[in-house]
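The structure is given below, and queries will be raised subsequently.
Note that the chains take the letters A, B, C, D and E in the order they are written out, and that residue 1 is the start of every chain.
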């Protein structure tokens, strides 16, 4: 059953008047609209949803990289409102909540970091949902979102000495394309670098 | 309702420096017989009792999501086979389901039936193999696994006939399936469904009454159901603890509403319940299969409007999930209107089911850790992606 | 040492089996290949299937999967080797006792396969350890694994244990262990072992894609 | 362990004996029952493999391995191949004009993931999936890079491998060819008719001219 | 030399009964013919007799390693090794050649000397133990008066060597395996010995050949008078069998090498021939403990039915050995492994009390039977032994009832 997002929004506004929550409409046919939550109230909003609206299952936490705000505009997960006028890229975390007792969902929440550099921070929701523990570590590892308040924020998939965040759109993979009999596109470019005589 | 205090983040570990030399630090894996692949656990043992257990992932992190963001939507389909490589067809369906939601594609009725049949056969494969693997974890010399694989081969023969591959089916397409059922396939499948009941009886006789298995599995690894839900646990593990949550019923996708079947629910949620729930689920799957095979309609096997080449879904995002054999398998897709997905995220049940591994294992024996890990039923392709 | 094959054939026809010490050892080794119980990814499932009732690798004396590398003769690299896993694989190989053989099963183990573009995927385990037999496929059928096993048996049966062209493990100068790569900031250090990884340069006419 | 009230009484170890009975039954029956002895002794016997089984791609040619190759080097499969293991170079004549056939067609079997998408997208019925799987080799570089010489297989081979698919393709191609031939014949006929008409016209004109002349 | 029981009669060289001792007799005769001193003759005789046993059981070890693989394969609906030689008969040879020519790795952290000692120590006691078993009417390689004591004394050395192996490897998993081995030994030696004590009480001797001799004859003309077919012997036999599984480190009590948990336990760091020695020691230990069980409870070399005495007695012995070993294999093919604390609890709370109870039962049985009250002996011992059975059954069923699960179904 799909979720009544308007009611959820009203409930949040009524219970947490200070929380910055705005609706984002999804232009696609999936009809999954989302709530953009301000970082300072994210944990409170999730706790409210869990305790009072029975959204007890945090199913999925995704990280998304938006290096180009114009692109984000084009894709229109940016809705109307204050956030459209961003100048630099940012990282986004998307939460998908379900209710096991009411059997509704997904309630989609989004939180955004200020930028992609040092301030790529989003509050951790592990204190509300344990299921976010490994997923947040994964997003930290692959996107570099720093989850403030996460009890054990270490790399999870890559090794500890690794410095990059490979799922970012501007990540450059190490070049070891040496024996490539069937190269294309960027692999071709990299393979050619290894055969200078031939290029 | 769960309060924060009832869920300490990190389970009690030893105080730093406190008689540390009495403790044995063992690294189980990544090459270890019972880690089901290349999973690793850093275990601290006091004698043989676990006082701390930290999972280490990533030994099979093969960048599925990154690769998928660089190729077309269709090209990701064969990669989904390799997520949970014991049940590729469920993964196919979950991904096709997500793309269909993203692009608003209708699926013809026959294709829906075919999908249900394949997904339930996959569930049979997974749960049967699970029985063998968990017995192996308990130290049995592979007989259960052999019997499980004996039946698995029969199902794989069916898959090979239909999809062309034993494991990596690459069969579902956006808006249907790749090809129609070959002549006589449904009849062969029907025979298999009839023969599967006796095999399950045999397995049940082999395992369920076994006192050693009872002693090993009962009261091992249970947690309160609120903790399980909060930890994001889904699938048979959650239902073994008595939570009535099966996506086939809770949020029916495909045509599951048309079939009459029941959701088995356990009580305690220990390893024994997890085994039994899977047994009972297989019997329910057989019921679904019987109904689906009887009702299988004629018609299109793929939506003729769906494109194979140059497929571009409209701008938007979608999260869709199915009840995979291991739990909730979801795909989160963001489309920017080009041929490649902008964001492609898999919600892997095995990975998130591991969240509470440490909580389950603390205070138990090393031998129990192996069983608990087995009862979670992980596949590393999905855990690390 | 060597026996005239003609003479051996003559004797065999008269019921006398003649064999050299070398042949006997090679026969023993090839008939008793105990694999390391070690699976990485999808191919491991087909490897398990190959040991199961329908294919029964035991017929070749190769079903004794040893969990400890010390007792294993054969490492079946079944699945994707990630960069995070590669040092462990090399370490396991180094821990195995000579003679040891490696089968790279499936596309990923040979070259990184479909995942070769991944940032964490090693493009072939032969960058760090010598591979004896490769089995293409994704995953190869269990029959293909058996066929690969027989290829390896044939290879072992032809091994020279003495003389100039003896195999690596019979040569006192041959390397028994290979350097284990370390985790670096962006990649493994070193990314390949140049001593054993020497890909041929590919020359293409046209060069256009 | 807490205890409860038993509803039925069993001997201790009954479950263990049941287990022994199952394995014992399997062992005894493995000597005479087909479904309890499923081993197929591979190199000598082979389990039947479905004609739909796909392993690696091959290229179909009709009659002549070089000229009969159906592939036109259109590069669709090359683009759609998920792991990018196909490499095609279009053959051109000395003027740089396309000859609509591949000069190089390489498939790197060490990368191919047997997904079958190449054969699915091919509009020329040219690339199909082979069932051959005995390809193990100790030559990792040379042994797994298949060029045109090892990829090209005859239409008869395809027919033998997958009779259903191949005969359908053959019928379609034949129909297409007939259509084409018919179209060509029609074109030819039309051209002939045109030519004749022209000729007649010209003749008429000539006659006219003659008449005029006359 | 009063340690050696004097039960040998002068041989008839051509009798099949004497076949296994033929090499020994030949050597003795040869040396005697050459005029060697008597002590040399008897020492040479012992050596050859021991050599025969070692040869037989090394052959048996090779055969068993193949038969085990074949049997497990059949249990699992497979064929098993069949490529090396006819029906795979050369498979052990191939394994042996491979093991012999394999590199021997000693880990850097290992105690070099102990690392070498452990595999030797595991084989030697097993061979020593095999030396005192009466295999046939006329074939007891070394006939010791205190044979049973000797057997247990050297038998406990195996566990010691397992511990040495685990400790000397200098690595964690072997250490865990070693600790498990020691605790298992302490727990299972006790019921093993206690259950064998009943036999000693009844026979009044520690000499294994005499114990077998006393099991000759038949009750009612067809039930063999083996210890197994008495109330206390039946109990003690079952207990002995269970304990011998644990002693031989076989499934479901193979915890010291539990491969799903601690890789290969104490053998983790052993390669090549040292590993083969472990393998061999384990199988020889299995032979030894089964042979002892046969001697104590299954009438040793006694024929199972009257009128079958024309076959040489050692054939019966090895036939029984084959059946017992097959039971081991069958169990291995069926059961999962128990957990260490369950193993201990089972030993201390179930096995030892039950074993202790067989002692008074055996005593009562002996006294009453000696006085000719056969019926009374049955009437007293059977209830005496059934009481704990009933108690166990009740406890078991109550636990099982709480273990029984009911499952709900949601529509």
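Please note the rule applied: contacts are C-beta pairs under 8 Å (C-beta built on N, C-alpha and C of every residue); 3 or more make two chains touch, one makes a residue touch a chain.
Since the structure is predicted, the reported quantities are computational estimates derived from the model, not experimental observations.
For chain B, the chain whose average C-alpha position is most distant is E. Looking at which of A-D and A-C shares more C-beta pairs in contact, the answer is the pair A-C. Using the average of C-alpha coordinates as each chain's centre, E ends up farthest from chain A. Of all chains shown, the one whose average CA position lies nearest the global CA mean is B. Averaged C-alpha coordinates put the centre of chain B at 32 Å from the centre of chain D.
Distance between chain centres (mean CA atoms), chain C to chain E: 40 Å. For the pair chain D and chain E, the distance between mean C-alpha positions equals 61 Å. Touching two or more other chains at once are residues 1, 12, 16, 19, 22-23, 26, 37-39, 41, 78, 82, 84, 87, 108, 111, 113-114, 141 of chain D.
Within chain B, the positions touching two or more other chains are listed as 32-33, 58, 61, 63, 66, 78-79, 143, 146-147, 150, 153, 168, 210, 212-214, 384. Shared contact sites, meaning residues of chain C that touch two or more other chains, fall at 37, 52-54, 56, 59, 67, 84, 111, 114-115, 117-120, 138, 141, 199-200, 204, 209. Here the touching chains pair up as A-B, A-C, A-D, B-C, B-D, B-E, C-D, C-E, D-E. Put simply, chain D touches chain C in their complex at residues 37-43, 46-47, 55-56, 78, 82-84, 87, 89, 103-104, 108-114, 133-138, 140-141, 143-144.
Remark: chain E residues 69, 73, 76-84, 88, 90-91, 93-98, 101-105, 259, 263-264, 267-272, 275 touch chain C in the complex. Remark: chain C residues 24-25, 27-29, 31-32, 37, 52-53, 56, 58-61, 63-64, 66-68, 70-71, 73, 95, 97-99, 169, 176 touch chain E in the complex.
Interface of chain C with chain A (complex): residues 83-84, 111, 117-120, 123, 183-187, 191-192, 199-204, 207, 209. Of all residues in chain D, only 78, 84-87, 106-108, 111, 141, 145 touch chain A in the complex they form.
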